[in-house]
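Lettered A, B, C, D and E in written order, each chain numbered from 1.
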Amino acid sequence: MTGMSGGGERVLALLPELLLLLGAVGGLLLGLWTPQHRQWRVRLLVTAACLASVIAAAVALPEPAERVFEATWVVDTTTGVVRIVVALGVAVLVWLASPSLAGHPRETEAYVLMLLGGLGSIALAASGDLLLLVAGYLLASVPLYALAGFAKDSAGVEATMKYYLMGAFVGVLMLVGVAALVLATGTTGYLDLAALLPDASPALLAVGILGVLAGVAFKAGAVPVHFWVPDVTAGTTPPMAAYLTTIPKIGAVAAAFRLLAEPFADVPLDVPLLVAVIAAVSMTLGNLAAFNQTEVLRLLAYSTVSQVGYLFMAVAVAARTDLAVPALAIYLAGYAVTNIGAFAAVAATPAARTITDWATAVGRHRWIVVSLVVCLLGLVGTPPTAVFVGKLAVFTAAWDGALAWLVVVAAVNTVASLFYYLRWVAPAFAGVPAAPSMREWAGSGPRTAAGTAQRTRRGVPTGLLHGAAVMSLLLGLGAGWWLAFALST
Amino acid sequence: MLLTVVIFLPLLAAAVLLAAPRIPGRVAIGVWVAASAVDLALVGWMWLRFEPGQGASGVVDGLAYEAHLQWIPTVNAGYHVGVDGLSLPLLALTGVLFLACAVYSLREPDRPHTYAALFLFLQTACMGTFASLDLILFFVFFDLSIVGMYFVIAGWGHGNARRSALKFFLYTFIGSLALLVGFIGLFLGSEERTFDMVALAANPPLADSPVAGGLVLLAIFLGLAVKTPLFPFHTWLPDAHTDAPAAGSAILAGILLKLGTYGFVRIAMPILPEAWQRWAMVAVVVGVISVLWGAFVALAQTDVKRMIAYTSVNHMGYVLLGLGAAGLVASADEGARTVATVGAMYQMVSHGLLTGALFLLSGVLWSRGHSYAFDRWGGLARPAPVFAACFAVAAFGSLGLPGFSGFIAEFQVFTGALQAAPLATVVAVVGILVTAGLFLLALQRLFTGDPVVPSEADPDELAEGPGPERADGTTATAVRPRTATRMQDLRSREAAAVVPLLVLAVILGLVPRVLLDVLEPAAMAVVELVGR
Amino acid sequence: MTAELVLQIVLTVAAGLIGVGLFGALSQQTIVMVMMGLELVLNGVLLAGGAAWYFLAPELPDAQVLVVVALVVMAVEMAMGFAVTVAFYRARQLDMIDMASDLRG
Amino acid sequence: MLSDLSGWAITAVAILGVLSVAAGVAVFVVDSMARATFALLASFLAVAGILLALDLVYLAVVTALMMTIEMAIMAVFMIMFMMNPAGLMPMTMVHNAKGSAAVGAGVFVLLAVGIWTIDWPTMNPVRPDDSTRQLGEAIMGSHMLVMLVIGIGLFATILAGTVLATARGRYDRLGPGLDAEHPDDPVPGGLRR
Amino acid sequence: MSAVLGALVLLPALSGAALLVAGRGADRVAGPLAVAVAAAGVVVAALVAGTRPLLSVPFLGIVEGGDLRLVVDGLSAVLVVLVAGIALLVTVFAVVDLPADAARGRFFGYLLLFVAAMLATVTAATLPTLLLAWEVMGATSYALIGYHWDEPGKPAAGTRAFVTTRAGDLGLYVAAGAALAATGSLVLTDLESADGGWADVAAAGVLVAALGKSAQLPFSAWLSAAMQGPSPVSALLHSATMVAAGGYLLIRMQPLLASTGWAATAAAWAGALTAMVLGAVAVAQTDLKQLLAASTAAQIGFVVLAAGVGATAGGTAQLVAHAAVKAGLFVAAGAWLTALGTKNLTDLRGAARRYRGIGAAATVAALALAGVPPLSLWATKDKVLAGVDGTALHVVGLAAAAVSAVYAGRILAVVLARPAGDEEEPGTRRVPALTTVVAGVLAVFAAGLGVLALPAVAERLEAVLDVEGEPSPGLGELLLSGALALVALGLTVAVVRARPAVMEQLSRSPLASWAGLGRLLSPRPAMALARALATVDDRVIDRAVVGVAVGARRLAGMASRADDGVLDGAVSGVAAATRRTAAGSARIDTGVVDGAVRGMARAFRHAGGAARRPQTGLLHQYYAQAVVGLGLLLVLLLVVR
């Protein structure tokens, strides 16, 4: 067996993950000896671990793709992008969650769990073996169950319960799928599967592929295993909702992408069509269901379901066009930034659950509205935000992959999505100003803090919202720079 | 670099305005005026230094002020901007009209900072669209203009502004997505896989696949037709105009509509010459229907602004007629097709000036009496002679009277198009008759007879705006006061905004070489490219 | 008896376990009973994995590892299930999933 | 190719198979939750038996041991939390039974049809001498990373389970500054006592 | 010299524009300035008529003839002088005729612009130039006719004049296109060489344009409306300008008309019929200005006839002579209107006797209009008729000539009658001396311009016009027409004196209301069409969007029902869907009435509701749906390979 030595040599290939793990373990240990109101130390440590991991991942990004640990772990562009996005996302979300967590007796544990979940997400993206995929699934699920119900209030535990039961169910189905594929080929490595699957029995393949894809679809929040998304998002706190709808999704979509690009590339079944159908249904259902939402969290939850639909467009054509990798990379990064931004807007006004509440709460904070507009229009895919570039790339890739109909469906859906995003933006933008206060606001006089203004939680969430908006624009405008860097291999 | 400055200077000013909420509103508008003026001055400087060149005509070669940066290398999309005879006039028009709107808004609108910032943002979007030489960049700016205009209408409109804004947004957004799909088709169909317009025009994609080319053209055509707007995709226009603030309407009609027609000349024709030739007759027919439809429906309007809005449909129809004729290679010689193309492009500039002026003038009506309904106004020539004179001049310009820019445009469209599409052109000529009738009728209704102004004691009218259903006039007669004390003549800022537009329209009507020297080489290039 | 036949018999048993497990997961009202259903499905996976190793690919260890992974998944999910149940019970004094439908729509 | 299992083994596999499925059905039929737990255990033990017959000694033993413990814990849980732990108050705790049965049966039929129609490639497989050794080498070699990730997963499970299940934490015991002289435990015992 | 040619147009144009921009501030200087400019115009016109310069200014590009090109050839020379001269006289008349408090700046501004446009029209050598001048002339005529915009009906009259003439102008646009198509050039003279179908199109376009401008059938009615304008305007518009422009254009384009074969004939007949019908209309008028207007159309009919038959010299002579005659008559009518406050024929009884100077001038002009020898129109008309070949056409022409004697007789019979005493009409009771002078000058020309038809002079004219060998009327023809005119005149005077009732009956006939021509060009059908289209626009096209939305809603509803069907049984779902679709189609109608966005929003709301229905909050249903969904996907995967 050369496994030990082979893996040992390239252990540094996992440096970003090791750093995250170190951060998790170190954070937990540090937390054990940290007084309750000084747990920001742990936050700093965790953030530092994330940033270190990002640096390590960025350094490794331009290097050629390789497979380590007996080809069970793939380090390539997709992995690299996911590593960076997830680690950065965790770092940002730790801070987004900090106002609601600060001083909580379990603050340390929350940060550590967030880190572990991120690690799981990366494992999903990087896995080159079905069993590692299952392990990654576990790691990307278990901490999240705890995070979803972290507040342990009535809604939170219901969210956790649903999330857990749904996750356990799909996890079991996923194992059934893996078992079917093992029955078909006797192996679980992607490379072997890619070689053996084309000759396997289609029926067995269908069960196996569907089971495995159901697993990643669950993590991504795609139809038909998306049911947890709205309920969990609405049941938990906004920062956690942001985490649950962003971090695992990134890894899961990347995992699906790898599955379609490698083991399922040449199977005698139309897997791209399957994914395309999932994508079409996800985006349509998500958009339609979001349309009537007045609760901002649920609205965003359904919006994430529809976003997964667009992301899956790139997945569907993973094996068919070279454009798919950059498309996925751009869209993932853009989605993460924009989605976090949108949730940060909700987190900025924790008391406001509905659109109108929200509008009244931020009515006077022009920049919050502007940033929200940037984020939401970003989710629509309005240029020049990052998601626009992503959408463009995804559309192009899908068309190039002979799924022009999906492009049309996606375009129509994009229009539909405008409805609900505008429903949120428009009152905030135009409806709130009452004539007298506007005068005063327009003038040079000192700004008076009205009752509504005070309900806004300024500080970290607002800052992150602005940051996300700016980042979304920068990512879109600077797409060339960072893509050139990411794809330089 | 100069071009980049021209494009982004307004955006910079917008950011400054938003970042400094404490400066007084008046100063904010002042900043807006200053930024627009500087921008216009820069465009003027560009114009002065612009050399159309002998052999190099633009479109595929000889682009001035070019800047090319990689943006999304994987799909070969970049920040590629440049100026040629097609874009320079429209850039100038953008500068002029935005400055006029800034001057017009000196009265300090509601929430002046945001208002000014939005307009400056819009200016960047429009400038950028006209300067873009990359499909994606074009789309980016194109879409941003929709976003900006949505907020202008939703935030500062009157009447049913939200609804109209939403309708506008959805309609044009659908169009823009069709456009995007078409662009992706162009990208995938091109040999070198690029979004660069110059490269695409030099080596047109999908040349040997008529079906794919036709479908891609269809997508692009739909997108641009909604924006232009052409029959039957025009129904967003009257609503958006009726409820938009005056300056918003002026920009919407004056500049944003041109984004659509400009797209035809810049993208559809040079890049898909074969498909354009094949389907040119459709463009001609759509153009002619728009001409007549716009004219006749405008004739029936009872609301000034709606009427002007529909004349835009009519005027844009001429553009399509000219451009369609330019594609009928088989039935017309190159000279005639070039004349038609020049006419179409001239119409874009001309319509921008004249309709911009008309909308600003109709804004005067709103500011005085919160109504656009014909039957609530009358005899205004006596209390407001300057206003009447300006409106009349603008109306005559708009109906295509020689001596105004509109004549130069329409004359060339008709003469150029007749050979290619005789029947269609003869039918379309009727359009100028109907527009003549409707404008004269409007003048008659607004300015002659006994002075009538809307009653002040009509609070719900003030709150809700006229709306088509309220314009039936049955209630209006009962409360009609017979005094015209409230109609104040054009204020100096209003005159300062409108008069230059009209003067420009006259200059362009009498000394068209100013513009034609720039336009003609580019039009020849376009016609040549279409004829491939 | 051919090996294929034996394999098919074993797999049929596994399929039976999966079917019964699914029935349980879908029909039970208490969290723990749902978990039992899922355990049964995993039980079928164990069997299928074992069969895959013995009859189809004994030269590769993957199927065996699959069984191990399935066992771990079972344990982890059990643990989390108990934790969730406890938390849920603490917050609501309930264990019936049907009564948790505040979040909907 | 004939199976190299002995006749007895095949018979045992068949019987154990039937047993496991029957026990599985029993889980959802019996009134008492405790009984259901034991039925599930029976099903697992039967599968462990089959694994034993399939030359997977180590896995069989692990399965049997793990499941015994797990079911014991589950039984405790039942008694602690469940409404009807001992079946003393018979009540239906099911919903949508018909639909669920249809789904279960449907899935079974589907899988069975698949199983019996597929052409299984059971050609002369080369069996290793020692299946346990093969597994051990895989865990420490080719599938080491899987096990590593699973290990982290178990770490996360411990953490997550604790967070979810327990209300008290270190600050309850030792005060917010972790500087209490004596831990405040509801039940005396534990560390630093 | 081309600068002089430029000055010919620019001088009045720029001074006119300046007056307009200055507005009421320039009222004081407007009159003198206009007279000065007009006088200068005569000088310049004479100069260019002598030197025949050419001026070209770049305008449009690409094709030949896109420039602004003015050329003075023979025909232009004659008309330039004529237009400038009449313009001067009318300007003088206007200065004295306009009320003191009138907005003179505006009036003379438009007047000068109008003159500039007319001068440009008659010298234009390219189609863009022609069309520019042509349309500006129409627009300024609108402004002049609607000069009293605050009086009810006047702006409408201007609108009518403008829209009608513009309807004809469309022909010029088409002609320009045809010229470009046929010759690749927009030069007017190149058009003669056009052939094939494009020549037909061009000729048709030119013909329509000319008929419209010249108020020939069927466009005549605008002329009636145009009488709403001030008298000087009428004097200018209906003598040497505007209506004359059409005749001029046809004469200039005669080779083109002739080359097509049919266009010349059509023009000839249009002219002859107009002369006949509008003559009859004139006879029936009770209003002096209306009578004169109709007679204008009739007299220009002879010019058009001349152009049709190729009698260039005759047509030109007729044009020139008619200009003097009609200007004189309009000046007289205007003077009377100012003095007596009426233009009603019956109230003008004895007007000529009351103001003798102007009366004499008017009498001379009216006699000339009647075609009484040896006055001008007698000769020129015969010169025109001499060129006519066809008998029918000839007969119609002669009849028309006789009719002109009838309406002229009608004027004479009234104005020369003994005054019936001073009725209570508003008026200044004063005819300024300057007006009399103007009228006198015009009368002299009206009497004397007949020489143009005399063989000796006619040859000179033909030489100037660069045409040769056009037939001159024989002595017999001259005598015949002269006699005819005299007889008709005499009879008319007698009838009017003896039997006024006949005239009254005539004035109740349809002829009095311009033979219903106004209705022919009524804007009503256009308005009706416009309203119908607007309704379609609102109700159908806009609502089509709603329709799509409602359709989407139906679809979504069906989808949701299918969704239910999975859980509740497909059969009932399909049945419900069918039922709802039926009910829904009824609801589409109500939806059609609502706004598009609302409909769209509602559609999506419904679809959204349907999409949220699976999110029941019940976990076991999530399980079931997930299993069903995955099952469907499995089927998809297995079935679609």
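Here is the rule we use: a residue touches a chain if its C-beta (ideal position, glycine included) is under 8 Å from a C-beta of that chain, and two chains touch if they have at least 3 such contacts.
None of the values given here were measured: they were computed from a predicted structure.
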Chain-contact steps, minimal, separating subunit D from subunit B: 2
Chains touching both subunit B and subunit E: A
Starting at subunit A, fewest touch steps before arriving at subunit E: 1
Chain of greatest Cα-centre distance to subunit C: E
Pair of chains whose C-beta contact count is the highest in the structure: C-D
Longest centre-to-centre distance from subunit D, chain (CA-based): E
Chain occupying the middle, per Cα centroid: B
Euclidean distance of C-alpha centroids - subunit D vs subunit E, Å: 98
Euclidean distance of C-alpha centroids - subunit A vs subunit C, Å: 28
Centroid distance [mean C-alpha coordinates] between subunit E and subunit C, Å: 92
Cα-centroid distance, subunit C relative to subunit D, in whole angstrom: 7
Numbers and ranges of subunit E residues touching at least 2 other chains: 601, 612, 615, 617, 619-620, 623-624, 627-628
Residue list for subunit C, restricted to those that touch at least two other chains: 11, 18, 21-22, 25-27, 29, 51, 53, 56-57, 62, 65, 69, 72, 76, 80, 83-84, 87, 90, 97-98, 100, 102-105
Where subunit A touches two or more other chains at once, by residue number: 131, 135, 138, 142, 145-146, 149, 152, 160-162, 165, 169, 173, 203, 207, 230-231, 419
Touching pairs among all chains present in the structure: A-B, A-C, A-D, A-E, B-E, C-D, C-E, D-E
In the complex, subunit A residues that touch subunit D: 1-4, 7, 21, 25, 28, 32-37, 69-70, 72-73, 105-106, 109-110, 112-113, 116-117, 119-120, 123, 129, 131-132, 135-136, 138-139, 142-143, 145-146, 149-150, 152, 160, 201, 203-204, 207
Interfacial residue positions of subunit C with respect to subunit A in the complex: 11, 18, 21, 25, 31, 34-35, 38, 41-42, 44-45, 48-49, 51-53, 56-57, 60, 62-63, 65-66, 69-70, 72-73, 76-77, 80-81, 83-84, 87-88, 90-92, 97, 100, 102-105
Touching residues (chain side subunit A, partner subunit C) in the complex: 131, 134-135, 138, 142, 145-146, 149, 152-162, 164-165, 168-169, 171-173, 175-176, 178-180, 182-183, 185-189, 230-232, 234-235, 293, 298
Partner subunit C, residues of subunit E touching it in the complex: 612, 615-620, 623-624, 627
Residue ranges of subunit A in contact with subunit B within the complex: 323, 326, 330, 366-367, 370, 377, 382-384, 388-389, 392-393, 395-396, 399-400, 407-408, 411-412, 414-415, 418-419, 422, 426, 429-430, 433, 435, 438, 441-444, 477, 479-480, 483-484, 487
